[in-house]
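Chain lettering (A, B and C) follows the sequence in which the chains are written, and residue indices restart at 1 in each chain.
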Amino acid sequence: MSLNTRRVIWAYAFLLIPLAFFLFIRFAPTLFSFDVSLRAFNPLAEVKPYVGLENFAKVFKDIGDPTHPTRKAFENTFKYVLIGTPIQLVLALGIALLLNSITRFRTIFRVIYFIPFVTSAVAVAWVWRALYMPDFGFLNLVLGLFGLPSQRFLLDINQSLPSVTAVVVWQGLGFAIIIFLAGLQAIPETFYEAARVDGASRWDIFRHITVPLLNPTIVYLAVLQTIAFLRMFTEVINLTRQGDGGPLNSTTTVVLRVYREGFGSQNMGYAAALTVVLFFVIMLITLVQMKFLQRRFEY
Amino acid sequence: MATIATDLAHNAPAPARPRPKMANVMAYILLSIGAIGMLVPFFWMIATSMKTASEILKPQFFPANPTLENYQTVLTRTLFPTWYVNSLLAAAASTISVAFFDSLAGYVFAKFNFPLKRVFFLLILASLMVPTEMLVIPWFIMATGAKLQDTLLGIVFPGLITATGVFMMRQSFYGVPDELLDAARIDGMNEFGIFTRIAWPLVKPAVAAISIFNFLGNWNAFLWPLIVTSKRITMTLPVGLSFFSGEAGSDWHLIMTGATLSTVPLLIVFLFMQKQIIQGVALTGMKS
Amino acid sequence: MKFRKIGLMALASLFVASACGGAPAAPTAAPAAKATDAPKPAATAAPAAGDVVTIEYWQYNFQARIDAMNELIKQFEAQNPGIKVVHNSEIPYDNFLDKIAASAPAGVGPDVATMFNGWVPSWVNAGYLVPLPEKDFPPADIEKNFTSMVQGTKFQGKYWALPTAVRSLALFWNKDMFKAAGLDPEKPPATLDEFVDYAKKLTKTEGGKITQEGFAVEMNGQAHQWFREILTRQFGQIPFSADNKTLNYGSATACNAWKWLTKFETDYKTGSNDLFDGATTAFTNGKLALHIDGSFRLGALAKAKDLNFGVATLPTKDGINANFGSFWTHGITKKGAADPRRLEAAVKFLKFITSPAAGTLWVKTTGELPAQLTAAADPTLQSDPKLGAFAKAMGYSYATFFVDETKQRKNLIDAFDAVRLQNAEPCAALADAVKKDQALYDEFWAKNK
């Protein structure tokens, strides 16, 4: 047996388990998911007959119904993305710039801003739920100090979604800051010096050097955060009363609907169809983002 | 790439620039305000965990008579210790598997050539496209079919090998000189030995990074453990806390105690290892 | 190192084997080794020839019920040395339905299970339950010996489950608040009109904020049951058609009841479930004067040492008494019925836990009420200061035939939220909720001709 052949065999041997894993844990279940979405799938029942595209028809019918939770779930999910991602990126960039500009205590600040990111989302959600409580929650106490009226936050139909968004943004800020910091520190100092020699103002430098050179980082974070918002589940189920995504479905997300329909009402076919739709939405949005946000440049 | 990572590790200070003193002070002030915003919820959580039940509906930040009674209650009369152990076992099992198999696969893709290499690589890449939310239903059906609910294997099996880990390790192994490996081959070492004794030790930082990440991700995982466990004694910490809070309903002092117990240990670990963790995070950012 | 790799390969082949087992497995003959997961000492898995039969019983995690059931099991096993009952009560309430659903295809799970009465139709629908064998549980006897609520679970002409105990609703009131407001602390409001009056009198505000609530509507608690089964009847509308196929609680008459309820938050402003962390919490912490809740709340209230409260029957209107009952009921699963010896054991167990003696024991431990009429008629029970109110109401309590209790509850919650948060017109919001409920029922009956 030639040396090369032997090495190829070793390669296959090494890859055997990982590939088998991906096949059985990722690939096959994906197909399985499509299969379930084509059936009337009640786990309690013996027979789970094929019903063609009926589940998908129901999903789209529900999306067309303005008060249906599924429709609200998609609406809310998009709102989370459109509100949450920009705010988080802007805040994170701002803080990263500030961090980059100071010389002392940088490590301490970095650590502090990163702490929420390593804590459990469940714990964070319950803490914020208490902070948001009307009248005697901490946030309302602070508002009271400034003479402002008590807000209902999570219990208010208009404030609920922003309140949930704030929690998610708060927790994810640290990660984005670190990535931005790395990106900022990768920009060679010579660029700045050259610009300053040319008499550029700080704002000009920021607009024409920093931001464009940070573009890959911005795209990376934007895509990551968008996908995270599209898949949001843990925060909503722990921040709302009985995990219902309310009030009046104002905070519910697609994944929460999947969980409730599939594991609560035993409509796994419908739930699987929802996940398939979500999958395509994620793919589509990711591709669009990468296409439109990415800019090349020459140095 | 490596230089940036090492830069971060050494916390290279920003290049000195002439800056107005005022702007500097402003920066510190703003950052401090932000830092307070980051920390206040945790302080509140800890403060409330030391309050008595009747103090919850009262508008005050600090407890009148701080008590550790809630901790005693939660640690002895609830399943928190069990949940800790479950989370620890699950995260450890998963991390060990990931550290080994992700490295192995990454090594093969970096250092070997063989037919179908691209196909296999694309297969693993494609798996990244599919969100886990789409897989939980099939996983659930598979797990119940194999009677894996409420078992350790049931909780960890979806995450035993990760595509991102494979990619990261592949990147790292590119940096290992082929000459070293060839030299070992000439010496008669078999391929597995070369992997474990020569190549793997050279990429320790990357292994550490994916291990830490994996441990963290597993520790905080919620959706899948929620679905695959049905009994309270088999729950992991996040799931247990969620149920505990739902059942404790209005016992916010106990809920905050639970939240503190869930948060503080990991926080302490983080504070000790913050350099590596943050470095690891930055590394993943580089891989965009 | 090699060893580890082999070990891991073995693990992988386990995956392969298990992943292929994706299709629902056939029910196993002997109970699976789930016994090792149960907190109780495990029973032997396979019965030796002719000896002990092991059956598995599941209920959701609720301490009082667990204690009561453990006691019953102890007595049952003592009387039936050939039968061992494995008690799984580890599953939290929120999870219970789904986890039973998960165990069904895997052929594990209970032989006897406790389910919410509202779930019976859907479990029967899914083929999970077997009808109670008529020779052991003659329908005539059931109708004679058990509260009429039980007939609410009759489905397709058969009985599928029997309860040990039932719960109904009652009025809770804070006696200290009554005294402070100049009301007789021993005389709760007896009519709906008095109820409104008292609620207004008992509300205190300070600087625009409510500091003491007179009455708060807890839609996600029992208020939706109060509306659907009780208030509607008191305002002159029977909520369901006799065959449970047509829903009438969205009619104009029913809407009068609905408006009566919504006014507490929209007009009188006597309180809201948004305040004080929910009505039940508010009442337990002495922030709410009047509260409508189920008998199962007594356990939690007993722990509130500073709370001086009373329990009374629900207020009437035009002399119409009505109450809502719900109950957790025990049935035999398909798995239990698969093996004749296990079926026999399951039947024996079921008879035991639904006997009047069991009902009486249950009351002592859980504060629920016995489902058996003889036990409920017990004079000590009727005169009990806390339970008496519930016991008396058993005679006119109605259980709802739910098709999807979670969704039906949510539809009313949403309607109520629409009225109080979005200023929706009450009758329109109600009609919308009922329309959604009706769709659920239509879909259900279409599958169950």
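Simple rule for what comes next: a residue touches a chain if its C-beta (ideal position, glycine included) is under 8 Å from a C-beta of that chain, and two chains touch if they have at least 3 such contacts.
Please read all numbers here as calculations on a predicted model, not as lab measurements.
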Arrangement of touching chains [line / ring / star / complete / other]: complete
Chains linked by the largest number of contacting C-beta pairs: A-B
Chain centre separation in whole Å, for subunit C relative to subunit A (CA means): 37
Inter-chain centre distance, subunit B versus subunit C - centres from mean C-alpha coordinates, in Å: 39
Length of the line joining the C-alpha centres of subunit A and subunit B, rounded to whole Å: 16
Residues of subunit C engaged with two or more neighbouring chains: 8, 15, 19, 22, 24, 98, 102, 105, 276-278
Contacts with 2+ other chains: residues of subunit B: 57, 101, 138, 140-142, 144, 157, 192, 246, 252
Touching two or more other chains - residues of subunit A: 17, 21, 25, 28, 32, 43, 135, 242, 263
Subunit A-facing residues of subunit C, complex: 8-9, 12, 15-16, 19, 22, 24, 97-98, 100-102, 104-105, 122-123, 125-128, 208-209, 220, 274-278, 404, 406-407, 410, 413-414, 417-418, 421-422, 432
Of subunit A, residues touching subunit B in the complex: 7-8, 10-12, 14-15, 17-19, 21-23, 25-30, 32-33, 36, 43, 95, 98-103, 105-107, 109-116, 118-124, 126-128, 130-131, 135-136, 138, 141, 144, 170, 173-175, 178-179, 181-183, 185-186, 189, 192, 216-217, 219-220, 227, 231, 233-234, 237-238, 242-243, 255, 258-259, 262-263, 268, 271-272, 275-276, 278-279, 282-283
Complex contacts: residues of subunit C adjacent to subunit B: 1-2, 4-5, 8, 14-15, 17-19, 21-25, 32, 37, 39, 61, 88, 90-92, 94-95, 98-99, 102-103, 105-106, 108, 276-278, 280-281, 284-285, 287
Touching residues (chain side subunit B, partner subunit C) in the complex: 54, 57, 97, 100-101, 138, 140-142, 144-150, 153, 157, 192-193, 196, 230-234, 243, 246-247, 249-250, 252
Complex contact set, residues of subunit B against subunit A: 4, 7-8, 11-15, 17, 19, 23-24, 27-28, 30-31, 34-35, 37-42, 44-45, 48, 57-59, 61, 101-102, 104-105, 107-108, 112-115, 117, 120, 123-124, 126-127, 129-131, 133-142, 144, 157-158, 160-161, 163, 166, 190-192, 195, 216, 219-220, 222-223, 227, 237-239, 241-242, 245-246, 252, 255-256, 258-260, 262-263, 266-267, 270-271, 274, 277-278, 281-282, 285-286, 288
